[in-house]
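Note that the chains take the letters A, B and C in the order they are written out, and that residue 1 is the start of every chain.
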Amino acid sequence: MLKVVVVVGVPGVGKSSVLAVATKKLSERGYRVRLVNFGDYMLEYLRKSGVVKSRDQIRSLRLATQLEAQKVAARDIRSEFEALPGDRVIGIVDTHAVIKTQLGYWPGLPLAVLQELKPSVIVVIEASPDEILSRQLRDSGRYRADLSSRETIEELLQINRYYAIASSVISGAALRFIQNSEGCVEIAAEELIKVVEEI
Amino acid sequence: MLKVVVVVGVPGVGKSSVLAVATKKLSERGYRVRLVNFGDYMLEYLRKSGVVKSRDQIRSLRLATQLEAQKVAARDIRSEFEALPGDRVIGIVDTHAVIKTQLGYWPGLPLAVLQELKPSVIVVIEASPDEILSRQLRDSGRYRADLSSRETIEELLQINRYYAIASSVISGAALRFIQNSEGCVEIAAEELIKVVEEI
Amino acid sequence: MLKVVVVVGVPGVGKSSVLAVATKKLSERGYRVRLVNFGDYMLEYLRKSGVVKSRDQIRSLRLATQLEAQKVAARDIRSEFEALPGDRVIGIVDTHAVIKTQLGYWPGLPLAVLQELKPSVIVVIEASPDEILSRQLRDSGRYRADLSSRETIEELLQINRYYAIASSVISGAALRFIQNSEGCVEIAAEELIKVVEEI
(Lines give C-alpha, C1' and ligand atoms only; values in the text may rest on other atoms or scores of the structure.)
Protein backbone atom coordinates (compact mmCIF):
# COMPACT_ATOMS: atom_id res chain seq x y z
CA MET A 1 0.00 0.00 0.00
CA LEU A 2 1.66 3.17 -1.31
CA LYS A 3 1.24 6.57 0.31
CA VAL A 4 2.31 9.61 -1.67
CA VAL A 5 3.13 12.65 0.47
CA VAL A 6 3.68 15.99 -1.24
CA VAL A 7 5.68 18.48 0.83
CA VAL A 8 5.69 22.17 -0.12
CA GLY A 9 6.90 25.42 1.38
CA VAL A 10 8.13 28.85 0.33
CA PRO A 11 11.92 29.33 0.11
CA GLY A 12 13.43 29.74 3.57
CA VAL A 13 10.99 27.73 5.70
CA GLY A 14 13.57 25.00 6.22
CA LYS A 15 11.76 22.32 4.24
CA SER A 16 14.93 20.40 3.34
CA SER A 17 16.02 20.07 6.98
CA VAL A 18 12.59 18.82 8.06
CA LEU A 19 12.52 16.33 5.19
CA ALA A 20 16.05 15.06 5.95
CA VAL A 21 15.19 14.35 9.61
CA ALA A 22 11.76 12.87 8.87
CA THR A 23 13.02 10.62 6.08
CA LYS A 24 15.84 9.24 8.20
CA LYS A 25 13.52 8.50 11.13
CA LEU A 26 10.85 6.89 8.94
CA SER A 27 13.49 4.58 7.47
CA GLU A 28 14.68 3.64 10.98
CA ARG A 29 11.09 2.79 11.88
CA GLY A 30 10.84 0.23 9.08
CA TYR A 31 9.24 2.21 6.28
CA ARG A 32 10.54 2.05 2.75
CA VAL A 33 10.91 5.76 2.09
CA ARG A 34 11.74 7.34 -1.25
CA LEU A 35 12.28 11.11 -1.24
CA VAL A 36 12.35 12.82 -4.62
CA ASN A 37 12.77 16.41 -5.72
CA PHE A 38 10.12 17.34 -8.30
CA GLY A 39 12.38 19.85 -10.03
CA ASP A 40 15.05 17.18 -10.60
CA TYR A 41 12.58 15.08 -12.57
CA MET A 42 11.49 18.06 -14.65
CA LEU A 43 15.13 18.87 -15.38
CA GLU A 44 15.93 15.29 -16.31
CA TYR A 45 13.06 15.18 -18.79
CA LEU A 46 13.98 18.54 -20.33
CA ARG A 47 17.66 17.59 -20.59
CA LYS A 48 16.87 14.26 -22.25
CA SER A 49 14.57 16.07 -24.68
CA GLY A 50 17.44 18.46 -25.48
CA VAL A 51 15.39 21.47 -24.42
CA VAL A 52 17.70 22.75 -21.65
CA LYS A 53 21.20 22.12 -20.37
CA SER A 54 20.87 23.52 -16.85
CA ARG A 55 18.23 24.17 -14.21
CA ASP A 56 18.47 27.97 -14.67
CA GLN A 57 17.13 27.65 -18.20
CA ILE A 58 13.83 26.09 -17.07
CA ARG A 59 12.33 29.39 -15.92
CA SER A 60 12.85 30.95 -19.34
CA LEU A 61 10.98 28.20 -21.18
CA ARG A 62 7.55 28.73 -22.70
CA LEU A 63 4.78 27.85 -20.28
CA ALA A 64 3.47 25.04 -22.50
CA THR A 65 6.87 23.33 -22.35
CA GLN A 66 7.06 23.74 -18.58
CA LEU A 67 3.55 22.28 -18.19
CA GLU A 68 4.50 19.28 -20.32
CA ALA A 69 7.64 18.76 -18.21
CA GLN A 70 5.58 19.01 -15.00
CA LYS A 71 3.17 16.37 -16.22
CA VAL A 72 5.88 13.98 -17.33
CA ALA A 73 7.78 14.46 -14.05
CA ALA A 74 4.63 13.67 -12.06
CA ARG A 75 4.02 10.52 -14.11
CA ASP A 76 7.63 9.36 -13.75
CA ILE A 77 7.60 9.92 -9.99
CA ARG A 78 4.33 8.04 -9.50
CA SER A 79 5.61 5.11 -11.61
CA GLU A 80 8.84 4.97 -9.63
CA PHE A 81 6.92 4.96 -6.34
CA GLU A 82 4.57 2.23 -7.54
CA ALA A 83 7.49 0.03 -8.53
CA LEU A 84 8.92 0.07 -4.99
CA PRO A 85 8.50 -3.33 -3.30
CA GLY A 86 7.08 -3.88 0.18
CA ASP A 87 3.88 -2.98 2.01
CA ARG A 88 5.04 0.05 3.99
CA VAL A 89 6.05 2.25 1.09
CA ILE A 90 6.12 6.03 1.42
CA GLY A 91 6.88 8.26 -1.53
CA ILE A 92 7.72 11.84 -0.56
CA VAL A 93 7.76 14.59 -3.18
CA ASP A 94 9.71 17.75 -2.35
CA THR A 95 8.13 20.50 -4.43
CA HIS A 96 6.20 23.81 -4.36
CA ALA A 97 2.51 24.74 -4.25
CA VAL A 98 3.39 27.94 -6.07
CA ILE A 99 6.58 29.37 -7.57
CA LYS A 100 7.07 33.11 -7.71
CA THR A 101 8.91 34.37 -10.78
CA GLN A 102 9.50 37.75 -12.37
CA LEU A 103 6.50 37.12 -14.63
CA GLY A 104 4.06 35.96 -11.98
CA TYR A 105 2.96 33.00 -9.90
CA TRP A 106 3.21 29.56 -11.39
CA PRO A 107 1.21 26.65 -9.90
CA GLY A 108 3.41 23.78 -8.77
CA LEU A 109 0.52 21.38 -8.23
CA PRO A 110 -2.00 22.02 -11.02
CA LEU A 111 -4.76 19.56 -11.95
CA ALA A 112 -2.62 17.83 -14.58
CA VAL A 113 0.15 17.12 -12.03
CA LEU A 114 -2.23 16.02 -9.27
CA GLN A 115 -4.01 13.57 -11.57
CA GLU A 116 -0.67 11.81 -12.09
CA LEU A 117 0.77 12.03 -8.55
CA LYS A 118 -2.47 11.10 -6.71
CA PRO A 119 -1.17 12.35 -3.35
CA SER A 120 -2.67 11.17 -0.05
CA VAL A 121 -1.70 14.37 1.69
CA ILE A 122 -0.20 17.76 0.92
CA VAL A 123 2.00 19.05 3.74
CA VAL A 124 2.78 22.78 3.87
CA ILE A 125 5.89 23.62 5.89
CA GLU A 126 5.63 27.15 7.26
CA ALA A 127 7.67 29.47 9.46
CA SER A 128 7.30 33.01 10.73
CA PRO A 129 8.23 35.76 8.23
CA ASP A 130 11.12 36.80 10.52
CA GLU A 131 12.58 33.30 10.59
CA ILE A 132 12.23 33.01 6.82
CA LEU A 133 13.93 36.37 6.38
CA SER A 134 16.87 35.45 8.62
CA ARG A 135 17.30 32.06 6.89
CA GLN A 136 17.35 33.84 3.54
CA LEU A 137 19.96 36.35 4.72
CA ARG A 138 22.18 33.56 6.09
CA ASP A 139 21.94 31.62 2.86
CA SER A 140 21.53 34.45 0.37
CA GLY A 141 23.13 32.60 -2.52
CA ARG A 142 20.25 30.13 -2.66
CA TYR A 143 17.35 32.55 -2.69
CA ARG A 144 15.85 34.80 -5.30
CA ALA A 145 16.17 38.55 -4.87
CA ASP A 146 12.39 39.06 -4.90
CA LEU A 147 12.05 37.45 -1.46
CA SER A 148 13.70 40.27 0.39
CA SER A 149 11.07 42.23 2.34
CA ARG A 150 8.96 41.10 5.28
CA GLU A 151 5.75 42.17 3.49
CA THR A 152 6.67 40.17 0.38
CA ILE A 153 7.27 37.09 2.52
CA GLU A 154 3.96 37.51 4.36
CA GLU A 155 2.12 37.84 1.07
CA LEU A 156 3.87 34.81 -0.39
CA LEU A 157 2.97 32.72 2.69
CA GLN A 158 -0.69 33.67 2.20
CA ILE A 159 -0.68 33.02 -1.55
CA ASN A 160 1.07 29.71 -0.88
CA ARG A 161 -1.80 28.69 1.45
CA TYR A 162 -4.45 29.52 -1.15
CA TYR A 163 -2.59 27.54 -3.80
CA ALA A 164 -2.22 24.54 -1.48
CA ILE A 165 -5.92 24.61 -0.60
CA ALA A 166 -6.95 24.69 -4.27
CA SER A 167 -4.63 21.74 -4.94
CA SER A 168 -6.17 19.88 -1.99
CA VAL A 169 -9.71 20.38 -3.32
CA ILE A 170 -8.73 19.31 -6.83
CA SER A 171 -6.95 16.14 -5.68
CA GLY A 172 -9.07 15.22 -2.67
CA ALA A 173 -5.83 15.00 -0.68
CA ALA A 174 -5.76 16.02 2.97
CA LEU A 175 -3.89 19.23 3.76
CA ARG A 176 -1.64 19.80 6.74
CA PHE A 177 0.20 22.95 7.83
CA ILE A 178 3.32 22.34 9.94
CA GLN A 179 5.23 25.14 11.67
CA ASN A 180 9.02 24.78 11.52
CA SER A 181 10.20 27.13 14.26
CA GLU A 182 13.88 28.02 14.57
CA GLY A 183 15.73 25.27 16.45
CA CYS A 184 12.70 22.96 16.47
CA VAL A 185 13.28 20.96 13.32
CA GLU A 186 12.88 17.71 15.31
CA ILE A 187 9.38 18.72 16.40
CA ALA A 188 8.35 19.62 12.85
CA ALA A 189 9.81 16.33 11.59
CA GLU A 190 7.88 14.35 14.24
CA GLU A 191 4.64 16.08 13.20
CA LEU A 192 5.33 15.17 9.59
CA ILE A 193 6.04 11.54 10.57
CA LYS A 194 2.78 11.32 12.52
CA VAL A 195 0.81 12.60 9.53
CA VAL A 196 2.58 10.19 7.17
CA GLU A 197 1.97 7.22 9.46
CA GLU A 198 -1.68 7.90 10.28
CA ILE A 199 -3.13 9.34 7.10
CA MET B 1 -35.84 20.22 -13.53
CA LEU B 2 -33.63 19.26 -10.59
CA LYS B 3 -31.65 21.79 -8.56
CA VAL B 4 -28.94 20.47 -6.27
CA VAL B 5 -28.03 22.80 -3.41
CA VAL B 6 -24.98 22.02 -1.30
CA VAL B 7 -25.02 23.63 2.14
CA VAL B 8 -21.84 23.82 4.20
CA GLY B 9 -20.66 25.49 7.38
CA VAL B 10 -18.18 24.99 10.19
CA PRO B 11 -19.47 23.33 13.39
CA GLY B 12 -21.49 25.80 15.46
CA VAL B 13 -22.86 28.12 12.76
CA GLY B 14 -26.35 26.69 13.24
CA LYS B 15 -26.58 25.03 9.84
CA SER B 16 -29.10 22.37 10.96
CA SER B 17 -31.56 24.95 12.30
CA VAL B 18 -31.41 27.00 9.09
CA LEU B 19 -31.90 23.87 6.99
CA ALA B 20 -34.84 22.66 9.10
CA VAL B 21 -36.69 25.98 8.72
CA ALA B 22 -35.85 26.40 5.02
CA THR B 23 -36.81 22.83 4.12
CA LYS B 24 -40.17 23.08 5.88
CA LYS B 25 -41.00 26.39 4.19
CA LEU B 26 -39.94 25.20 0.74
CA SER B 27 -42.22 22.17 1.12
CA GLU B 28 -45.11 24.43 2.15
CA ARG B 29 -44.50 26.51 -0.97
CA GLY B 30 -45.01 23.49 -3.23
CA TYR B 31 -41.46 22.31 -3.82
CA ARG B 32 -40.53 18.66 -3.59
CA VAL B 33 -37.56 18.97 -1.22
CA ARG B 34 -35.22 16.16 -0.27
CA LEU B 35 -32.64 17.00 2.44
CA VAL B 36 -29.81 14.51 2.88
CA ASN B 37 -26.79 14.38 5.15
CA PHE B 38 -23.67 13.55 3.17
CA GLY B 39 -22.02 11.77 6.11
CA ASP B 40 -24.99 9.41 6.46
CA TYR B 41 -24.49 8.19 2.90
CA MET B 42 -20.77 7.68 3.47
CA LEU B 43 -21.51 5.74 6.64
CA GLU B 44 -24.14 3.59 4.93
CA TYR B 45 -21.71 2.65 2.16
CA LEU B 46 -18.89 1.87 4.60
CA ARG B 47 -21.20 -0.19 6.84
CA LYS B 48 -22.54 -2.21 3.91
CA SER B 49 -18.97 -2.83 2.77
CA GLY B 50 -18.14 -4.07 6.27
CA VAL B 51 -15.44 -1.42 6.68
CA VAL B 52 -16.85 0.31 9.78
CA LYS B 53 -19.56 -0.25 12.35
CA SER B 54 -20.00 3.32 13.61
CA ARG B 55 -19.50 6.89 12.44
CA ASP B 56 -16.57 7.46 14.82
CA GLN B 57 -14.53 4.90 12.93
CA ILE B 58 -14.71 6.84 9.63
CA ARG B 59 -12.07 9.37 10.68
CA SER B 60 -9.52 6.63 11.38
CA LEU B 61 -9.87 5.09 7.92
CA ARG B 62 -7.16 5.38 5.29
CA LEU B 63 -7.67 8.41 3.09
CA ALA B 64 -8.12 6.27 -0.05
CA THR B 65 -11.07 4.47 1.60
CA GLN B 66 -12.60 7.76 2.70
CA LEU B 67 -12.25 9.19 -0.82
CA GLU B 68 -13.93 6.11 -2.29
CA ALA B 69 -16.77 6.45 0.22
CA GLN B 70 -17.14 10.16 -0.61
CA LYS B 71 -17.41 9.42 -4.30
CA VAL B 72 -19.97 6.64 -3.85
CA ALA B 73 -22.02 8.79 -1.46
CA ALA B 74 -22.09 11.63 -4.01
CA ARG B 75 -23.19 9.26 -6.78
CA ASP B 76 -25.91 7.70 -4.61
CA ILE B 77 -27.26 11.10 -3.58
CA ARG B 78 -27.38 12.40 -7.15
CA SER B 79 -29.18 9.23 -8.32
CA GLU B 80 -31.71 9.51 -5.53
CA PHE B 81 -32.37 13.17 -6.39
CA GLU B 82 -32.76 12.38 -10.08
CA ALA B 83 -35.29 9.67 -9.31
CA LEU B 84 -37.60 12.13 -7.51
CA PRO B 85 -40.74 12.82 -9.55
CA GLY B 86 -42.14 16.27 -10.33
CA ASP B 87 -40.85 19.45 -11.92
CA ARG B 88 -40.04 21.54 -8.83
CA VAL B 89 -37.50 19.20 -7.27
CA ILE B 90 -34.85 20.51 -4.90
CA GLY B 91 -32.14 18.25 -3.52
CA ILE B 92 -30.31 19.73 -0.54
CA VAL B 93 -27.03 18.21 0.66
CA ASP B 94 -25.96 18.97 4.24
CA THR B 95 -22.17 18.60 4.26
CA HIS B 96 -18.83 20.39 4.77
CA ALA B 97 -16.48 22.33 2.48
CA VAL B 98 -13.63 21.25 4.75
CA ILE B 99 -13.34 18.99 7.78
CA LYS B 100 -10.69 19.71 10.40
CA THR B 101 -9.17 16.63 11.99
CA GLN B 102 -6.15 15.96 14.21
CA LEU B 103 -4.16 15.11 11.08
CA GLY B 104 -5.15 18.10 8.98
CA TYR B 105 -7.82 19.53 6.73
CA TRP B 106 -9.84 17.19 4.58
CA PRO B 107 -11.78 18.52 1.56
CA GLY B 108 -15.49 17.77 1.75
CA LEU B 109 -16.19 18.84 -1.84
CA PRO B 110 -13.23 17.67 -3.93
CA LEU B 111 -13.35 17.37 -7.73
CA ALA B 112 -14.41 13.70 -7.60
CA VAL B 113 -17.43 14.53 -5.40
CA LEU B 114 -18.43 17.62 -7.39
CA GLN B 115 -18.36 15.72 -10.70
CA GLU B 116 -20.99 13.37 -9.26
CA LEU B 117 -23.15 15.87 -7.33
CA LYS B 118 -23.22 18.57 -10.05
CA PRO B 119 -24.47 21.26 -7.64
CA SER B 120 -26.21 24.41 -8.90
CA VAL B 121 -25.08 26.39 -5.89
CA ILE B 122 -22.87 26.02 -2.83
CA VAL B 123 -24.26 27.87 0.19
CA VAL B 124 -21.90 28.67 3.07
CA ILE B 125 -23.67 29.31 6.36
CA GLU B 126 -21.54 31.59 8.55
CA ALA B 127 -21.80 33.25 11.94
CA SER B 128 -19.56 35.48 14.03
CA PRO B 129 -16.76 33.70 15.93
CA ASP B 130 -18.39 34.72 19.23
CA GLU B 131 -21.72 33.20 18.28
CA ILE B 132 -20.02 30.02 17.11
CA LEU B 133 -18.08 29.82 20.37
CA SER B 134 -21.18 30.25 22.53
CA ARG B 135 -23.12 27.65 20.51
CA GLN B 136 -20.22 25.24 20.97
CA LEU B 137 -20.11 25.84 24.74
CA ARG B 138 -23.88 25.30 25.06
CA ASP B 139 -23.71 22.10 23.07
CA SER B 140 -20.23 20.91 23.99
CA GLY B 141 -21.00 17.23 23.53
CA ARG B 142 -21.41 17.64 19.79
CA TYR B 143 -18.23 19.51 19.02
CA ARG B 144 -14.62 18.53 18.68
CA ALA B 145 -12.17 19.79 21.25
CA ASP B 146 -10.04 21.50 18.63
CA LEU B 147 -12.69 24.16 18.06
CA SER B 148 -12.26 25.87 21.38
CA SER B 149 -10.46 29.18 20.89
CA ARG B 150 -11.70 32.31 19.14
CA GLU B 151 -8.55 32.41 16.95
CA THR B 152 -9.02 28.79 15.89
CA ILE B 153 -12.62 29.53 14.90
CA GLU B 154 -11.62 32.65 12.94
CA GLU B 155 -8.97 30.67 11.08
CA LEU B 156 -11.38 27.83 10.33
CA LEU B 157 -13.97 30.30 8.97
CA GLN B 158 -11.32 31.70 6.63
CA ILE B 159 -10.04 28.28 5.51
CA ASN B 160 -13.66 27.21 5.00
CA ARG B 161 -14.17 30.16 2.63
CA TYR B 162 -11.10 29.27 0.58
CA TYR B 163 -12.21 25.64 0.30
CA ALA B 164 -15.74 26.66 -0.75
CA ILE B 165 -14.36 29.03 -3.41
CA ALA B 166 -12.10 26.33 -4.86
CA SER B 167 -15.09 23.95 -4.99
CA SER B 168 -17.14 26.64 -6.72
CA VAL B 169 -14.48 27.15 -9.41
CA ILE B 170 -14.11 23.40 -9.99
CA SER B 171 -17.84 22.76 -10.29
CA GLY B 172 -18.95 26.00 -11.91
CA ALA B 173 -21.57 26.29 -9.15
CA ALA B 174 -22.55 29.68 -7.79
CA LEU B 175 -21.40 30.46 -4.27
CA ARG B 176 -23.43 32.23 -1.61
CA PHE B 177 -22.43 33.24 1.92
CA ILE B 178 -25.34 33.54 4.38
CA GLN B 179 -24.93 35.00 7.87
CA ASN B 180 -26.90 33.15 10.56
CA SER B 181 -26.96 35.65 13.43
CA GLU B 182 -28.18 34.59 16.88
CA GLY B 183 -31.96 34.67 17.04
CA CYS B 184 -32.30 35.34 13.28
CA VAL B 185 -32.58 31.82 11.92
CA GLU B 186 -35.76 32.81 10.04
CA ILE B 187 -33.88 35.52 8.14
CA ALA B 188 -31.07 33.15 7.20
CA ALA B 189 -33.62 30.53 6.10
CA GLU B 190 -35.45 33.09 3.93
CA GLU B 191 -32.16 34.07 2.26
CA LEU B 192 -31.47 30.41 1.55
CA ILE B 193 -34.97 29.94 0.11
CA LYS B 194 -34.55 32.97 -2.17
CA VAL B 195 -31.25 31.57 -3.52
CA VAL B 196 -32.79 28.12 -4.04
CA GLU B 197 -35.81 29.54 -5.86
CA GLU B 198 -33.98 31.99 -8.11
CA ILE B 199 -30.74 30.25 -9.00
CA MET C 1 2.37 29.44 -31.71
CA LEU C 2 -0.75 30.77 -30.01
CA LYS C 3 -0.74 32.38 -26.57
CA VAL C 4 -4.07 32.82 -24.82
CA VAL C 5 -4.07 35.56 -22.17
CA VAL C 6 -7.07 35.86 -19.87
CA VAL C 7 -7.45 39.30 -18.27
CA VAL C 8 -9.77 39.75 -15.29
CA GLY C 9 -10.55 42.44 -12.75
CA VAL C 10 -13.41 43.67 -10.58
CA PRO C 11 -15.55 46.54 -11.97
CA GLY C 12 -13.74 49.84 -11.67
CA VAL C 13 -10.07 48.74 -11.84
CA GLY C 14 -9.74 50.23 -15.33
CA LYS C 15 -9.29 46.95 -17.17
CA SER C 16 -10.64 48.26 -20.49
CA SER C 17 -8.17 51.18 -20.58
CA VAL C 18 -5.21 48.91 -19.85
CA LEU C 19 -6.35 46.46 -22.53
CA ALA C 20 -6.86 49.20 -25.12
CA VAL C 21 -3.33 50.56 -24.61
CA ALA C 22 -1.68 47.13 -24.42
CA THR C 23 -3.48 45.78 -27.50
CA LYS C 24 -2.54 48.82 -29.58
CA LYS C 25 1.14 48.62 -28.57
CA LEU C 26 1.35 44.86 -29.14
CA SER C 27 -0.03 45.33 -32.65
CA GLU C 28 2.53 48.08 -33.32
CA ARG C 29 5.26 45.69 -32.22
CA GLY C 30 4.29 43.13 -34.83
CA TYR C 31 2.02 40.78 -32.92
CA ARG C 32 -1.25 39.59 -34.37
CA VAL C 33 -3.51 40.46 -31.44
CA ARG C 34 -7.17 39.53 -31.13
CA LEU C 35 -9.01 40.98 -28.12
CA VAL C 36 -12.41 39.47 -27.33
CA ASN C 37 -14.98 40.10 -24.63
CA PHE C 38 -16.14 36.82 -23.09
CA GLY C 39 -19.61 38.17 -22.32
CA ASP C 40 -20.16 39.09 -25.98
CA TYR C 41 -19.64 35.48 -27.01
CA MET C 42 -22.02 34.23 -24.32
CA LEU C 43 -24.62 36.74 -25.45
CA GLU C 44 -24.19 35.81 -29.11
CA TYR C 45 -24.73 32.12 -28.34
CA LEU C 46 -27.78 32.80 -26.15
CA ARG C 47 -29.31 35.14 -28.75
CA LYS C 48 -28.81 32.65 -31.56
CA SER C 49 -30.40 29.96 -29.38
CA GLY C 50 -33.36 32.28 -28.83
CA VAL C 51 -32.85 32.20 -25.05
CA VAL C 52 -32.34 35.95 -24.51
CA LYS C 53 -32.69 39.17 -26.45
CA SER C 54 -30.42 41.45 -24.42
CA ARG C 55 -27.41 41.24 -22.10
CA ASP C 56 -29.48 42.17 -19.02
CA GLN C 57 -31.46 38.96 -19.35
CA ILE C 58 -28.39 36.73 -18.95
CA ARG C 59 -28.21 37.22 -15.18
CA SER C 60 -31.76 35.96 -14.72
CA LEU C 61 -31.14 32.70 -16.59
CA ARG C 62 -30.98 29.37 -14.82
CA LEU C 63 -27.43 28.49 -13.80
CA ALA C 64 -27.34 25.41 -16.05
CA THR C 65 -28.08 27.58 -19.09
CA GLN C 66 -25.42 30.11 -18.10
CA LEU C 67 -22.87 27.32 -17.64
CA GLU C 68 -23.67 25.92 -21.08
CA ALA C 69 -23.29 29.40 -22.59
CA GLN C 70 -19.93 29.84 -20.79
CA LYS C 71 -18.63 26.57 -22.17
CA VAL C 72 -19.74 27.29 -25.73
CA ALA C 73 -18.29 30.83 -25.56
CA ALA C 74 -14.94 29.43 -24.40
CA ARG C 75 -14.89 26.88 -27.21
CA ASP C 76 -15.83 29.48 -29.85
CA ILE C 77 -13.13 31.87 -28.64
CA ARG C 78 -10.43 29.21 -28.64
CA SER C 79 -11.42 28.09 -32.16
CA GLU C 80 -11.33 31.65 -33.42
CA PHE C 81 -7.87 32.20 -31.90
CA GLU C 82 -6.56 28.97 -33.37
CA ALA C 83 -7.75 29.96 -36.83
CA LEU C 84 -5.69 33.17 -36.79
CA PRO C 85 -2.74 32.93 -39.20
CA GLY C 86 0.87 33.80 -38.34
CA ASP C 87 3.39 32.76 -35.73
CA ARG C 88 3.11 35.66 -33.27
CA VAL C 89 -0.55 35.26 -32.39
CA ILE C 90 -1.92 36.55 -29.11
CA GLY C 91 -5.51 35.95 -28.10
CA ILE C 92 -6.66 38.17 -25.22
CA VAL C 93 -9.89 37.38 -23.37
CA ASP C 94 -11.50 40.22 -21.40
CA THR C 95 -13.55 38.52 -18.68
CA HIS C 96 -14.01 38.02 -14.91
CA ALA C 97 -12.60 35.58 -12.37
CA VAL C 98 -15.79 36.01 -10.38
CA ILE C 99 -19.04 37.89 -10.93
CA LYS C 100 -20.99 39.20 -7.96
CA THR C 101 -24.75 39.09 -8.33
CA GLN C 102 -27.70 39.51 -5.98
CA LEU C 103 -27.79 35.74 -5.56
CA GLY C 104 -24.09 35.16 -4.91
CA TYR C 105 -20.72 34.76 -6.55
CA TRP C 106 -20.53 33.14 -9.94
CA PRO C 107 -17.19 31.72 -11.19
CA GLY C 108 -16.11 33.27 -14.48
CA LEU C 109 -13.31 30.77 -15.08
CA PRO C 110 -14.58 27.38 -13.89
CA LEU C 111 -12.96 24.08 -14.89
CA ALA C 112 -15.27 23.64 -17.90
CA VAL C 113 -14.28 27.04 -19.32
CA LEU C 114 -10.56 26.61 -18.62
CA GLN C 115 -10.48 23.22 -20.34
CA GLU C 116 -11.69 24.94 -23.51
CA LEU C 117 -9.72 28.21 -23.32
CA LYS C 118 -6.39 26.62 -22.26
CA PRO C 119 -4.90 29.97 -21.15
CA SER C 120 -1.14 30.49 -20.84
CA VAL C 121 -1.59 33.13 -18.19
CA ILE C 122 -4.34 34.73 -16.12
CA VAL C 123 -3.71 38.45 -15.51
CA VAL C 124 -5.56 40.12 -12.63
CA ILE C 125 -5.81 43.91 -12.99
CA GLU C 126 -6.12 45.49 -9.54
CA ALA C 127 -6.36 48.98 -8.08
CA SER C 128 -6.71 50.44 -4.60
CA PRO C 129 -10.25 50.40 -3.14
CA ASP C 130 -10.27 54.21 -3.14
CA GLU C 131 -9.41 54.41 -6.83
CA ILE C 132 -12.04 51.81 -7.65
CA LEU C 133 -14.62 53.73 -5.64
CA SER C 134 -13.86 57.04 -7.36
CA ARG C 135 -13.95 55.39 -10.82
CA GLN C 136 -17.34 53.92 -9.94
CA LEU C 137 -18.69 57.27 -8.76
CA ARG C 138 -17.49 59.00 -11.96
CA ASP C 139 -19.06 56.36 -14.12
CA SER C 140 -21.99 55.33 -11.95
CA GLY C 141 -24.20 54.26 -14.83
CA ARG C 142 -21.93 51.34 -15.64
CA TYR C 143 -21.65 49.79 -12.19
CA ARG C 144 -23.91 47.68 -10.06
CA ALA C 145 -25.30 49.21 -6.88
CA ASP C 146 -23.75 46.50 -4.71
CA LEU C 147 -20.27 47.90 -5.29
CA SER C 148 -20.81 51.04 -3.31
CA SER C 149 -18.92 50.75 -0.01
CA ARG C 150 -15.17 50.60 0.56
CA GLU C 151 -15.55 47.40 2.64
CA THR C 152 -17.52 45.69 -0.12
CA ILE C 153 -14.83 46.59 -2.64
CA GLU C 154 -12.04 45.34 -0.38
CA GLU C 155 -13.88 42.04 0.13
CA LEU C 156 -14.53 41.66 -3.59
CA LEU C 157 -10.84 42.28 -4.36
CA GLN C 158 -9.92 39.50 -1.91
CA ILE C 159 -12.55 37.07 -3.21
CA ASN C 160 -11.43 37.89 -6.75
CA ARG C 161 -7.85 36.85 -5.84
CA TYR C 162 -8.99 33.52 -4.38
CA TYR C 163 -11.07 32.78 -7.48
CA ALA C 164 -8.18 33.65 -9.79
CA ILE C 165 -5.80 31.42 -7.82
CA ALA C 166 -8.19 28.46 -7.97
CA SER C 167 -8.52 28.98 -11.74
CA SER C 168 -4.72 29.10 -12.04
CA VAL C 169 -4.33 25.78 -10.21
CA ILE C 170 -7.05 24.10 -12.27
CA SER C 171 -5.64 25.26 -15.61
CA GLY C 172 -1.93 25.23 -14.83
CA ALA C 173 -1.78 28.80 -16.17
CA ALA C 174 0.59 31.32 -14.63
CA LEU C 175 -1.03 34.08 -12.59
CA ARG C 176 -0.01 37.72 -12.58
CA PHE C 177 -1.35 40.62 -10.52
CA ILE C 178 -0.93 44.06 -12.11
CA GLN C 179 -1.67 47.30 -10.25
CA ASN C 180 -3.40 49.95 -12.37
CA SER C 181 -2.83 53.12 -10.37
CA GLU C 182 -4.67 56.32 -11.25
CA GLY C 183 -2.94 58.07 -14.12
CA CYS C 184 -0.51 55.19 -14.71
CA VAL C 185 -2.38 53.16 -17.31
CA GLU C 186 0.73 53.18 -19.54
CA ILE C 187 2.77 51.48 -16.81
CA ALA C 188 0.11 48.81 -16.26
CA ALA C 189 -0.14 48.23 -20.01
CA GLU C 190 3.66 47.85 -20.30
CA GLU C 191 3.63 45.28 -17.49
CA LEU C 192 0.90 43.36 -19.30
CA ILE C 193 2.86 43.50 -22.57
CA LYS C 194 5.99 42.17 -20.85
CA VAL C 195 4.05 39.23 -19.41
CA VAL C 196 2.40 38.49 -22.76
CA GLU C 197 5.74 38.61 -24.60
CA GLU C 198 7.78 36.55 -22.16
CA ILE C 199 5.39 33.92 -20.84
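Following the convention adopted for this analysis, a contact is a pair of C-beta atoms (placed from the backbone, for glycine too) under 8 Å apart; a residue touches a chain by one contact, two chains touch by 3 or more.
Being a predicted model, the structure only gives us computed values, none of them experimental.
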* Asked: Among line, ring, star, complete and other, which one matches the pattern of chain touches?
  -> complete
* Where subunit B and subunit C touch, do the two copies share over half of their residue numbers, giving same, or under half, giving different? -> different
* Counting in whole Å, what is the centre-to-centre distance of subunit B and subunit C, each centre being its mean C-alpha position? -> 31
* Asked: Which subunit C residues reach two or more other chains?
  -> 111, 162, 166, 169-170
* **Residue ranges of subunit C in contact with subunit B within the complex** => 62-64, 67, 70, 101, 103-107, 109-113, 159, 162-163, 166-167, 169-170
* **Residue ranges of subunit A in contact with subunit B within the complex** => 1, 111, 120-121, 123, 161-162, 165-166, 168-177, 194-195, 198-199
